[in-house]
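Note that the chains are named A, B, C and D in the order they appear, and that numbering of residues resets to 1 at the start of each chain.
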Amino acid sequence: MGIELLVNLSYVAAAVLFIFGLKMLGSPATARKGNLVSAVGMFIAVVVTLLDQSIIDYKWIIAGIIVGGAIGAMVARSVEMTGMPEMVALFNGFGGVASLFVGWAALYGMDASAFQLITIILSILIGGVTFSGSMVAWGKLSERISGKPLVFGGQRVFNILLILAIVISSVMFTLNPESGIFLYIVIGLALLLGIMLVIPIGGADMPVVISLLNSYSGLAACAAGIAINNIILIVAGALVGASGIILTQIMCKAMNRSLSNVLFSGFSAVSAGGAAAKIEGEVKSMTADDAYYVLEAAASVVIVPGYGMAVAQAQHVVKELQELLEQNGAEVVYAIHPVAGRMPGHMNVLLAEADVSYDLLLEMDAVNPRMETFDVAIVIGANDVVNPAAREMEGSPIYGMPVINVDMARNVFVMKRSMASGFAGIDNPLFFKENTRMLFGDAKEMLGNIIKAFS
Amino acid sequence: MGIELLVNLSYVAAAVLFIFGLKMLGSPATARKGNLVSAVGMFIAVVVTLLDQSIIDYKWIIAGIIVGGAIGAMVARSVEMTGMPEMVALFNGFGGVASLFVGWAALYGMDASAFQLITIILSILIGGVTFSGSMVAWGKLSERISGKPLVFGGQRVFNILLILAIVISSVMFTLNPESGIFLYIVIGLALLLGIMLVIPIGGADMPVVISLLNSYSGLAACAAGIAINNIILIVAGALVGASGIILTQIMCKAMNRSLSNVLFSGFSAVSAGGAAAKIEGEVKSMTADDAYYVLEAAASVVIVPGYGMAVAQAQHVVKELQELLEQNGAEVVYAIHPVAGRMPGHMNVLLAEADVSYDLLLEMDAVNPRMETFDVAIVIGANDVVNPAAREMEGSPIYGMPVINVDMARNVFVMKRSMASGFAGIDNPLFFKENTRMLFGDAKEMLGNIIKAFS
Amino acid sequence: MEIAVYLAFILMLSIFLGFELINKVPATLHTPLMSGSNAISGITLVGALTSAGAEHSGLATVLGTIAVAMATINVIGGYMVTDRMLAMFKKKGSAK
Amino acid sequence: MEIAVYLAFILMLSIFLGFELINKVPATLHTPLMSGSNAISGITLVGALTSAGAEHSGLATVLGTIAVAMATINVIGGYMVTDRMLAMFKKKGSAK
């Protein structure tokens, strides 16, 4: 009784820490501390659970924790910055499968009531969908499988039938909890559903999908908590489930999309594909030396980094160029698009690594109104986020997305290796504009050449 | 069992409605609907409670509801706009005393555990403090008792002893729940504490105090809920308790005060009283006709209403003057101070009643930066909220409070009946400024005279 | 015992939620918000109903009945006054 | 029965609180916030612990042990990756 009270009070404390942690994670000044606060909550919850009397055998627990902890720590340490988003997907999938197993294991060793059976099947279902969905998202983000939306005829019908099948077999299971067959069917179908839900979504939308799946994994934990009557699972799971949905919506808004548009737009991709308008104009390229002469004379320069800067690991050279330009008397700022790179905040993190001052990183909305005042806009490995088609071409798949209007600067330098398209896989009329010059080559090398010209 | 489930599910629904209601009350577009939503929640909660089996005798309930409902409805209907804040104080007090009685009644008919006894005594205590505190606040606001902070020597010591006595008699009560004597002592002391806490606070701060007491009455309901193990009382009470504290803090911020400053500054009032600086200058008065000539030539006019406009019920005449000035080609705006009048939003409500367009009502922060551009500032029955001493005189009791800087307009007309001070009871150097003219008289009459001059 | 834990969680969550619900409120809404939440605190009426209706001692019934009357004043009066206040904010010509 | 009611309240309050906690988050924090709340969803580890530790059938123990390992990866990896991400936002010369 004494221990039980301690355990439960600690659970309350852990929940409070989770709440504070989540709140603090939402604001830049406190985010890192918030993560720590929530980690402390998790630590407390785990430690007091181990004190619980119903645990009689520690060897498997210890084995599981050691194996899982080692893998988790190793992976988290070694993953590269650019690989972090897919890492989150992977971790999320593991959380889902854990909830699936917790629900499954709850079947044994207790005489489950109908209500409990329902919660068990829910945790298995949501856990399964989370797991396989996260795995597909991971594959798409890490380019292990194609980032293109995968669609086929009759996909909708298939999905509806799939969901029907899941409902029926879940009902069958609750009626016959003894026979394992329905259980396996449900697990299999849940895994299939997770895959089917994510494959029609393009790789560019994966961050949103991961956020949604993260919400699901919270709900799975919540359902598992109801199944085994553990209150901290319920509270923490519901918190994550709800806040994850809000975060998903916020992310959609940053991309100027609706959630349903993200989830289901893949289906219409087949038809809309070929309708792109013709782009007119001529591509003009220039050398690093030519670029130097223009930059030397420029009084104000805006640098727009994109995924290519991350690929080329060019952030340090960018910073060097910035300093040279500043010594030369020019004003230099960076314009950061919310979805530049492959995860939100990608560019900020890279530039922070190169010690670029935080003040110089302007948001899109701060730069666009004064774009005309810049002598030069240097686009470094960005493509979709500076694509004027989003503004001009109604048929374009990215039409309506807010972009950085570099084409309105006096001169635009675009650094990339080829005329290849970016993540969205669409052509960019920017490259054909009158005031655009292409600097073909790897961003790091090209910047290095310009810097050499300065000295 | 079926009914109990219904009751409890309805309680969940009621709590959801309260949550939505509170949220909606916080934003102008949805506030009125929010109040309705929360009222529906209350209706559901009350109706399903009446279905509960443990209620066997309805006659007293019906009597209580009829009497209470009739009084509540009558008072709410008949109270004048300006009397609403004190009405809230009164209602709040009744809520507090109800919680006190609920806690008290819980003593009978059940074998209370020590834990329950503690929650019972808590609900009695908080309910009692809420009741007597609200009554004092009501008296001060409605000027049934003096609005001046009431302080006497040894007040602090007395309060500390009082709290000690409460703690001791509460402990004695929990140890001897049978003997009624300690119960009566606790009730008496709680009532005394409520009075003692509110009397040292000035009438101008009563809105903050009521908000705080409102938070207390939530906590009292919450404590009563724990005592009688009723979950909707706990949830709704805690919601009100917590949101009330936040609201209190927001209100303090609007007055540029801290909560502890509001609650305890009265104690130091005795000493600070006489230290006011000498005001230099000459009071110049003018007639309505003189005012007319200036107004006729003005291109931009700002109207600053205060409590005097409410007293004179001058809002309709003000609107008439506004229209005349506009026909005359002048720009007219209103500057509304957050604590003008006797309740927050007082001026907005009055002017809305007179059909003044919402767009013309500017907040202090919107008007102050452009105050120099106004030809005339007409101060109608405002005093404290336009007192430049808040800006200029460090010793002044209102020093640091943000005010509307009418003295920076080219001409200032002040309409009031005499040189009397306003709510804060301090002199106003504005009346002595070079560019100020006094229009002595009732605001409504004076405005009428000016309007007559126009036609 | 177990119930106390649930209550602790419910209390904790309600308090946090109460804090979060009120964000930036314009000054004009302070009084109606106060009044509206004051009406909610009249929920103690539900407790009063059970006290007044149960066939306990005479004193409990008397206390309960008074509590019912008082709480009803709070509830009915509170909601009506709040509504009257808010009704006066009819926003002519306002954007939204 | 009574417990189900408490659970319903707890669930409802947690969900509302979860909604309210996340307001306007700057785009830079979307990924860390997602990753950090993903780590919290690893709370299922607590459930896994009870499954793995209880002396049930062999299958339950196996499932529980796998669940412990998986959930631990989620928790440890999640918190560490989040911390690494946030560590990179060192704000030089920022106002606050």
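Details
In this section, contacts are C-beta pairs under 8 Å (C-beta built on N, C-alpha and C of every residue); 3 or more make two chains touch, one makes a residue touch a chain.
It should be emphasised that the depicted structure is a prediction, and the values quoted were computed from it without experimental measurement.
Pairs A-C and B-C differ in how many C-beta pairs touch across them, and the larger number is found at B-C.
More than half of the residue-numbered contact pairs at B-D reappear in one of the options A-C, B-C or A-D, namely A-C.
Remark: chain A and chain C have CA centroids separated by 42 Å (rounded to whole angstrom). Once the centre of each chain is set as its mean CA position, chain A and chain D turn out to be 17 Å apart.
One finds 34 Å separating the Cα centroids of chain C and chain D. Each of residues 19, 231, 235 in chain A touches at least two other chains.
Shared interface positions of chain D, defined as residues touching 2 or more other chains, are 3, 6-7, 9-10, 13-14, 16-17, 21, 23.
On the side of chain B, the complex with chain D involves touching residues 1, 4-5, 8-9, 11-12, 15-16, 19, 231, 235. Every residue of chain D that touches chain B in the complex is listed here, in rising order: 1, 5-6, 8-9, 12-13, 16. For chain D in complex with chain A, the residues that touch the partner chain are 3-4, 7, 10-11, 14-19, 21-57, 59-61, 63-94, 96. Of all residues in chain D, only 2-3, 6-7, 9-10, 13-14, 16-17, 20-21, 23 touch chain C in the complex they form. Of all residues in chain B, only 18-19, 21-23, 25-29, 31-32, 34-36, 38-39, 41-42, 45-46, 49-50, 52, 54-58, 60-61, 63-65, 67-69, 71-73, 75-77, 79, 81, 84-85, 87-88, 90-92, 94-95, 97-99, 101-102, 104-109, 115, 207, 210-211, 214, 217-218, 220-222, 224-226, 228-247, 250-251, 254, 338-339, 343-346, 348-349, 352-353, 355, 357-359, 363 touch chain C in the complex they form.
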